[in-house]
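Two complexes come next, and they have one chain in common, subunit A, joined by subunit B in the first and subunit C in the second.
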Partner chain A sequence: MEQKLIDFITEEFLSDDDDPITTQTKLISSGLIDSFSLVSLQTFIAKEFGKKIPAPKITAQSFDTVAQMMEIIDQF
Partner chain B sequence: MSYNQNLKDKYCDILNNLKSSGLFKQERLITGPQDAVINVEFPIGTPEMQVINMCANNYLGLSSHPDIIQAAHRGLDEWGYGMSSVRFICGTQSLHKELEKVVTEFLGTEDTILFSSCFDANGAIFEAILDEHDIMISDRLVHASIVDGMRLAKAQHDTYKHSDMAHLRKKLEQHKDYPRKLIITDGVFSMDGDVAKLDEIVALAEEFDAMVFVDDSHASGFMGKTGRGTHELCNVMGKIDIISTTFGKALGGASGGCISGRAELVEMLRQKGRPYLFSNTLASVITAATLEVFRILNKSTERRDKLEQNTIYWRKGLSELGFVLKEGDSPIVPVMLFNAKLAQEISYDLYQEGVYAIGFFFPVVAQGQARIRTQLSAAHSTAQLDKALLAFKKVGKKHGILGLSKEQLIEKYGL
Partner chain C sequence: MFTNVLYFPFLMVSALIYWLLPKRGLRTGFLSLCSLAFIWHFDPKALYVVLALTLFTYGMALLMVRSQRQQLYHSIGLLGLLLVLIAFKYLGFLTETVNGLTSFVSSLPQFEIEKLFLPLGLSYIIFKYISYLTDIMWGIVKPGRFIDFLCYGSLFTTFVAGPIERFERLKPQLESPRDRFQVNHLEVAFFRIVIGLFKKLVIADWMGYFINPIWQHPSEYSAIIRVAALFGYSMQIYFDFSGYSDIAIGSSRLFGLTIMENFNNPYFAPNISQFWRRWHISLSDWIRDYLFFPLSQGRSSKLWLTLFVPVIAMGLCGLWHGAAWHYMIWGVWHGIGIAIYQYWNQYKRAHKKRMGWTKAKWANNLGILMTFVYVTIGWWWFR
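Coming up: the complex of A and B.
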């Protein structure tokens, strides 16, 4: 799951100038992913892992790093 | 629960946080009509300044045009002030139907429905025409009203990288099994001033059996040879299924908007569009004035031609001074500074020099993409543009940024 999320985020949201991300890289609060584009991440998670994460769970505080995302995905 | 001290403190904390993080918005007080030159108090209560207005959406200079003002007066006299009803009860005048017909003819579509704002139009459309089995695929830089409209809809949602057609293709392939697919884009993107690649989007839509939605609020009335919008500019007239646009920018600038497009989709809005069903439509006085706007536009392309000339003149002037500009053909000309503090300082200095242009920075634009957004109007005279260019030169010189490349600007001021 970790690598799939990192690969998806890298391809969807990062530019060539950006440093590679880790499970601890801040993604939303740093501006790498804007709140609107999160919907694509939500769609990916639903399709790839069969988990539908409700929008209120996807915030800059609780969904900011790949590590946090994995924790939330595991709850569903 | 009453509005007690705890609640009051909570809201004060939120507002104070906005202030301390530089996100608190302050209004500028304009003490007369909207125009190319305006009198402004900023901050409110300080001495009034006369400034050249480089930040209005008054692209065609019609906001205070005497013919429009007269038409509004006539509208008020002949049609009254308010309707006190939604459209389908007793809020539809023949005037509203006339404007819908005129807009349909102007945009080259099949039918049109008015809304009291384009924000409402965009809030209505997706929910009315799609359900949970369908998918919306939108450009990542679409306007906030579209974002909100999509959030109201039950349809699934995905995004593609800004104007990246290879990425859009990938998304269409990925979602090809959805029965109804809607590609969603702005015609002109308001922060960068670039135009959507509508010819390529339409080709992809045809290949994947998708519908196309375009918000042409920053284009209707002036983009394209006769000002029909980006669908005219990109040679796809008649191929855009849904166009939303506003009367609150180039088309008189008061308020109101519409959805124009396929007859059945417009009819769906009359049956199911919640802002249409549950709020009054465009006030008669604005409807009458907007009809006059279209009379002016149908008579001559003079105003959009002047706007085009002004845009070319302004771009050339700023480039020759050595500013870094975002490429584009629209009258939105962003002067790139990359650093947020620098953008704010330059905006302030320009104001002191008699030019009103606003700095935009994160989170309104992406991190490290701070800029001064300038917007041209057909109402700007060459003398006014020359004066504004002189101010840009003086301020640019003060900050030592004239002739610096993007890399040099970032090296000097950081991101």
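Coming up: the complex of A and C.
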């Protein structure tokens, strides 16, 4: 699940010259992902994992790293 | 309200009695009663609206969790809340707009609807209750006890000008049985209230003293002075509103309640998207969660997501501030700004090798300046 998220983020939001991301890479606070891109991330999670994450849970504080995303996904 | 001579004596006495009460439930009940008394004092009619809305919303919340038709009761709840908002706030505006459009054709009838009074704090409480019902549907929060919900909706420290707190954040604080008075509450409260009063009464009001005459009689001043007045207004509205938020947050702290922050140096934002994460944060979070996300879900059209969603969401955000076209234009201006920023981001992503300069310090500072100027131009419509 983690790897699928990393692959999606790498393919959708990063370019070839960006460093590879890990589960601890800060994505929103570092500016790699802007808040508008979170909608497509939410859609991906719903389609791929069958988990509908409510918008208030997708914030820069709680959804900043892949590890944090995994924690939230597990709650739903 | 905060500058009313009665506000601080009322705040101090109610906070003192609040902490003298032995039980959490009693305190919450007392705080609710104080809040209702506050609303009644400033706008007696608003009290009936608040009580009716609270009973209606809580009833819908209970129906949502106790029946199988959660979606239906959520829709009824939202529809009811929006109809109340439209009836009190937008009916006159809508009638004038329709009449304006039909006036071109003499055979079409003109509508005459008497404008209803606008209850104090209506826009804020409606947004709070919409988030409450939607969060229940999303499984983020449970309806909670009625007394906690009443306190959430009517809390006098945030009732008039926010922040638009979420029940999810306030509920655990209201339910906590071990809540005790701490000196820290007093320190934080005092600090925030003093800062807020300074921003509001010293900086904002002082700036208004110089700026207001220019806005009232612009033709008497040169173009440079008028532009300076616009930039001055940009600072005035920030200090005024963030001062209000400081006082609201500090006042709430006197009751041991931690309310979300509403401002975070917005004029240092390097782009318009960041600006809205720092300006009136509780409103922009609300717009993001309950308008932007739902409007975007299930849509793949780039044009829809990049242009239409921000423009629609921010246009409605503008209308929330007041029932007039100029507020909507202000919102659309910001929506267009966000759309341009999104296109710029897409361009940057596609041409990353040539875009290294955007990470330089000077580019960041240029972004701050451009954002400040863009936002300031927007205030021209807002005012």
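FYI, the second predicted complex is superposed on the first by the 76 of 76 C-alpha atoms of A that agree within 3 Å, B and C clash if a C-alpha of one lies under 4 Å from a C-alpha of the other, contacts with A are read in each partner's own complex, and residues count from 1 in each chain.
Rule of thumb we're sticking to: contacts are C-beta pairs under 8 Å (C-beta built on N, C-alpha and C of every residue); 3 or more make two chains touch, one makes a residue touch a chain.
If you're wondering where the values come from, they're calculated on a predicted model, not measured in any experiment.
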Partners on subunit A (subunit B, subunit C) - clash or fit: clash
Regarding the shared-chain residue A:F76, is it in contact with subunit B (first), subunit C (second), both, or neither? second
Please indicate which partner A:T10 is in contact with in the superposed arrangement: first for subunit B, second for subunit C, both, or neither. neither
Check the residue A:A60 against both partner chains and state whether it touches subunit B (first), subunit C (second), both, or neither. second
By the touch definition at the top of the document, which applies to A:S30: first (subunit B), second (subunit C), both, or neither? first
Decide which partner touches more residues of subunit A, taking subunit B and subunit C as the two options. C
Which holds for A:T43: it touches subunit B only (first), subunit C only (second), both, or neither? both
A:T22 in the overlay: touching subunit B, subunit C, both, or neither? Say first, second, both or neither. neither
Tell me which of 26-34, 98-106, 116-124 or 170-178 in subunit C produces the clash with subunit B after alignment on chain A. 98-106
Identify the overlap between the subunit B-contacting and the subunit C-contacting residues of subunit A. 34, 36, 39, 43
Which residues of subunit A touch subunit C in their complex? 13, 15-18, 34-36, 39, 42-43, 54-60, 76
In the complex, the residues of subunit C that touch subunit A are 131, 135, 138-140, 166, 168, 273, 277, 285, 288-290, 292-294, 296-298, 305-306, 310, 338, 342, 345, 349, 352-353
Touch list for subunit B against partner subunit A, complex: 140, 147, 156-159, 161, 362-363, 366-367
Which part of subunit A faces subunit B closely enough to touch in the complex? 12, 30-31, 34, 36-37, 39-40, 43
